[in-house]
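Next up: some structures, all given as structure tokens.
Two complexes, one shared chain (chain A), two partners (chain B, chain C).
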Partner chain A sequence: MPVITVENLSKTFRTRVRSEGLGASLRALIRPEWRTVQAVREVSFSVEEGEVVAFLGPNGAGKSTTIKMLTGILTPDSGGARVLGLEPSRDRTRLAMGIGAVFGQKSQLWFHLPPSDSFRLLGAIYEIPAPELARRRAELVERFGIGPYMDVPVRKLSLGERIRCEIAASLLHAPRVLFLDEPTIGLDVVVKREIRALLADLRAREGVTIFLTSHDIGDIEKICKRAIIIHHGAVVVDESMKTLKHRALARKYIGVKYAAPADLELPGLAPVKRTEDAASFVVDTRKHNLQEVIRALVDRGEVLDLTVEDEPLEDIIAEVFRGRSEEEARGAARAGGEAES
Partner chain B sequence: MNRPRTGRPAAYLRFLAAAFTANLQAVVEYRISFLIQVFGMMLNNAAFAAFWAVLIARTGSVGGYGFTDVMVIWALTSTSFGIAHVLWGNVRSLGSIIQRGELDVYLLQPKDPFVNVLASRTIVSAWGDLAYGYLVLAFLPGTGPERLALFTLLALGGAVIFAAVFSAAESLTFFLGNAGPLSQAVTEFLISFSLYPETIFDSGMRWIFYTILPSGFIAFVPLAVYRSLDWPLVPVLLGVAAVYAGGAYGLFRAGLRRYESGNQMGTRL
Partner chain C sequence: MIAHSLKGPGRTGKPSAALRKYGTAGLVSLQSRMAYPAAFAGSLLTYGLFVFVFSRIWAALYSGRAEIAGYDRTMMVWYFIVAEIPAFGFGRFYYSLAEDMKSGQVAYLLTRPYGFTAYHFSQALGPALADCLVLALEGILLGLLLGGPFPLTTLTQGAALVLSLLLAGCLQFFLQFAIAMTAFWIEENAAFFWIYQKLALIAGTFLPLEFLPGAASAAARWTPFPYLSWAPARIAVAWDSREALLLLAAQAAWTAAAALLCRAVFAAGRGKITANGG
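Moving on, here comes the complex of A and B:
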């Protein structure tokens, strides 16, 4: 059963255009100019209970706006969304009882107080009976390994320690859906890995549906089963991680290193990087036979090392964005041409 | 998890008590700063008392107000202002919270965002303002348990009115983008008007004291009630305070529909 359904969700913001200079500012006082920005355009998708979905897109693609509409912070202009059977903008308070949210850039912990005090306050906010709060708190403290930080004021915690406490705090009321907006922003590699492990564990133990926006490809590859890619406010890809990676199988990254300088001229295939005795190639297996390429490379000299890798997910996503932008540019040029003729 | 439906008054009271405790703990984190600010504010207020004592000793009265009257409006204004900022410390930060997109955190929680955001902070120096009113009463003749009880009720009503006017001015941020300067002006005017005898102002402008800058309901009418122990007027004044609170709440809710959030980095202070 879907826990999130989104149909033709759209949101437009109106921003004031301010030109440079005092004269323009004074003119704007009398006759302000407005520009509308379509942040989200007819987005539709649904998420099943227990799914872990990555919601990806470049800066300004509409990720945060969508997540804010799903949590009831923003009201959509048109279209609709239902989360746990409720309409977020109308039933925000009731919905809040069933969802958790961590916005990497905004803290729900009191800055001057230790997390233990914030947890107590959140217990009152979510109306959790004292014995249940104590049990849940003990469980989360243990799982998230935050025991040593519980009595330290949040201002004295590192970002990694704080974000662990943030996620634990968002789970106090045992939400069924967890929204994470850039949860690993600004964290170092080790901490990122810990956070991902905790989220994977959370999904396994509690069956929590996780809806995550991120720039960080590692977040997505490690914990998500499905990716929705949004660009200029519209969904451009919605498929399983497997399918998305399958696109990558068409292209292989081959690295080769020889014992001595070798001739690396291959017909129809130029190396993307090369030195006297080493080179790397990107091979499109739809155009070249992989086996033949490898055989040809092995024939060129004594091979010290040979690697064949899938295209990194980051590059695939970048390609989707590039392709979409080029398509849009062509579309705009066509529209312009038609208008002129 | 099967829990009772949110929004019951008892649950709200528990939440407000927990928020108050957390705020107090946050303040006490910095003990020395707390004491300096509280006593600093009381000293600051006491300096004005000295000024009025000297002035009235020379003139006899100002606009029909004797020294005791001036001190009672000071006490009422100070304690009302103090209670408003002790209980609802974000009343004058609401605009910047809206502007910086920091309402998100409150909107994600199952409590009314207006109540939640206001109650999420306490202002340290306001404890000094709150205490100052009672300190003044302690030195005035005629203060007894009945007057103290009456004063507390009047100050509570005043606190609600202060909070309503300040938060309404700050909520204009939803509509104007930046209501900071306007809010600042409203704050200063409301406090200043509430600290001087009503009669020194031109009668043509006194309607302001019973409408947009309601010093009349914070200081002048409560002074009359306090002087003559006019208990029947207390529920009327509290009713007026409730009307102002309702207006401020309505304005916030109307503005909330225009809230655009934002992605500024921030932390909860």
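Moving on, here comes the complex of A and C:
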């Protein structure tokens, strides 16, 4: 059963623009100029209970705006969304009981107080009976390993410690859907790995539906089963991670290192990087036979090392964005040409 | 999974749950305020300095005069002490609300199951009441030293003063909240707050309403401004049970009207929330 359904969701913002200089500032007082930005355009998708979905896109693609509409913060201009059967902008407070939200750049913990005080307040806000709150708190403290930080003022915690406390706090009321907006932003590799493990564990233990936006491909590869890619406010890809990764099969990254300098010129295939005794190739398997390329490389000299890797997910997603932008540019040029003629 | 989440989204709606919710918000906010006890020192020092300077001004003004507009020197010292308590203790809600609006924090607060205005109210009132308590203790001490005996003598009179101060605090909150929420439409609304502060200052905070020219004084009574400081100060220094009841009733009516205004402004502006990023 879907817990999130989104149909033709759109949101437009009107932003005041000011040109440079004092004259422009004075003109803006009398005649302000506004720019309309279509942040989200006719986005549709649905998410099943227990799914872990990556919601991806470059900066300004409309990811956070969509999450804000799904959590009831923003009201859509048109289209509709239902989360846990409720309309977020109308049933904000009722919906809040069933969802959790972590915005990586905004804290829900009181800065000058230890997390234990914020937990107590959240327990009261979510109307969790005292014994249940104590049990749930103890469980989360243990699972997230935040015992040593519970009585330290938040301002004295490191970013990684704070984010662990933030996610634990957002789970206090056992939400059925968890929205995470850039949860690992600014974290080091070790802490990122810990957070991902905690999220995977959460999904396994409680069946929580996780809707995650991130710029970090590692987050997506490790915990998500499905990816929705949004570009210029519209959904351009909505497929399983498996299918998305299959796109990687079309291209292989080959690295080779020889014992001595070797001739690395292959017919129709130039190395993307090379030294006297090493080179990297990107092989499009639709044009070149992988086995023949490897055989040709092995024949060039004594091989010390040879690696064959799939195309990184980051590159696949970048390719999707690039392809979409070029398509849009071509469309705009066509429209311009038709208008001129 | 904890039991209540199995029932799906929904609130109990019980008054005890609301009391716990908003009570805890007030207490946690108070704790946060008390994390830096030195923060009290600033307002204590400024308040003390104001009371001292004005007690000297009244001493000079009243030399050779028994009373002005029905107030003698002792009354004026105590008037200023009481009138400044809500001005100092409750007068700065706008700044934190406006900051939440400008930083976009207001949007993130909407993901919680509480009444937005009620939550802000409890969060603002908790520390403000602590500020007022500390200021009142300082004010009583200064009043006894600089003015004379405390003018109220019975428990009923004391309770009326406390109630009037509380209503003044609530009215301050709702009016400042409504001004802060105009940011939904106007990017910079600090000018409105500046005007609000000045109107409150001349309509009873700085001087009793009776000091204003007749027409101005009569007109001011039809606005909420005298009920921010003049009403509690008047109850403290010129006790009359009938007048006190009327003042408390007027304060309650203005507070209710301001609360409704807040609800309306928030409901009208909520759809205009835009959040940075995305």
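Rule of thumb we're sticking to: the second predicted complex is superposed on the first by the 341 of 341 C-alpha atoms of A that agree within 3 Å, B and C clash if a C-alpha of one lies under 4 Å from a C-alpha of the other, contacts with A are read in each partner's own complex, and residues count from 1 in each chain.
Definition applied: contacts are C-beta pairs under 8 Å (C-beta built on N, C-alpha and C of every residue); 3 or more make two chains touch, one makes a residue touch a chain.
None of the values given here were measured: they were computed from a predicted structure.
In the three-chain model built by superposing on chain A, chain B clashes with chain C. Within the superposed three-chain model, A:Leu86 lies in touch with chain C and out of touch with chain B [touch as defined at top].
Look at A:Arg295: by the touch rule set out above, it reaches neither chain B nor chain C. In the superposed pair of complexes, A:Leu109 makes contact with chain B only, with no contact to chain C. Of the two partner chains placed around the shared chain by superposition, neither chain B nor chain C is touched by A:His246. Residue contacts after overlaying the shared chain place A:Ala174 against chain B and chain C alike. Taking chain A as the reference chain, the count of touched residues is higher for C when chain B and chain C are set side by side. Once both structures are placed on chain A, chain A residues 13, 16, 64-65, 68, 71-75, 92-94, 96-97, 99, 101, 103, 105-106, 108, 110-113, 117-118, 120-121, 124-129, 132, 153, 173-174 are touched by chain B and, in the other complex, by chain C.
Listing the residues of chain B that touch chain A in their complex gives 1, 3-7, 11, 14-15, 17-19, 22, 25-26, 29-30, 101-105, 107-112, 116, 177, 257, 259-261, 263-269.
Remark: chain A residues 13, 16, 64-65, 68, 71-75, 92-94, 96-97, 99, 101, 103, 105-113, 117-118, 120-121, 123-129, 132, 153, 173-174 touch chain B in the complex.
Across the interface of their complex, chain C is touched by residues 13, 16, 39, 60, 62-66, 68, 71-75, 84-86, 89, 91-99, 101, 103, 105-106, 108, 110-113, 117-118, 120-121, 124-129, 132, 135-136, 153, 173-176, 206 of chain A.
Of all the residues in chain C, the ones that touch chain A in their complex are 1-5, 8-12, 17, 20-21, 23-25, 28, 31-32, 35-36, 105, 107-108, 110-115, 187, 270-271, 273-275, 277-278.
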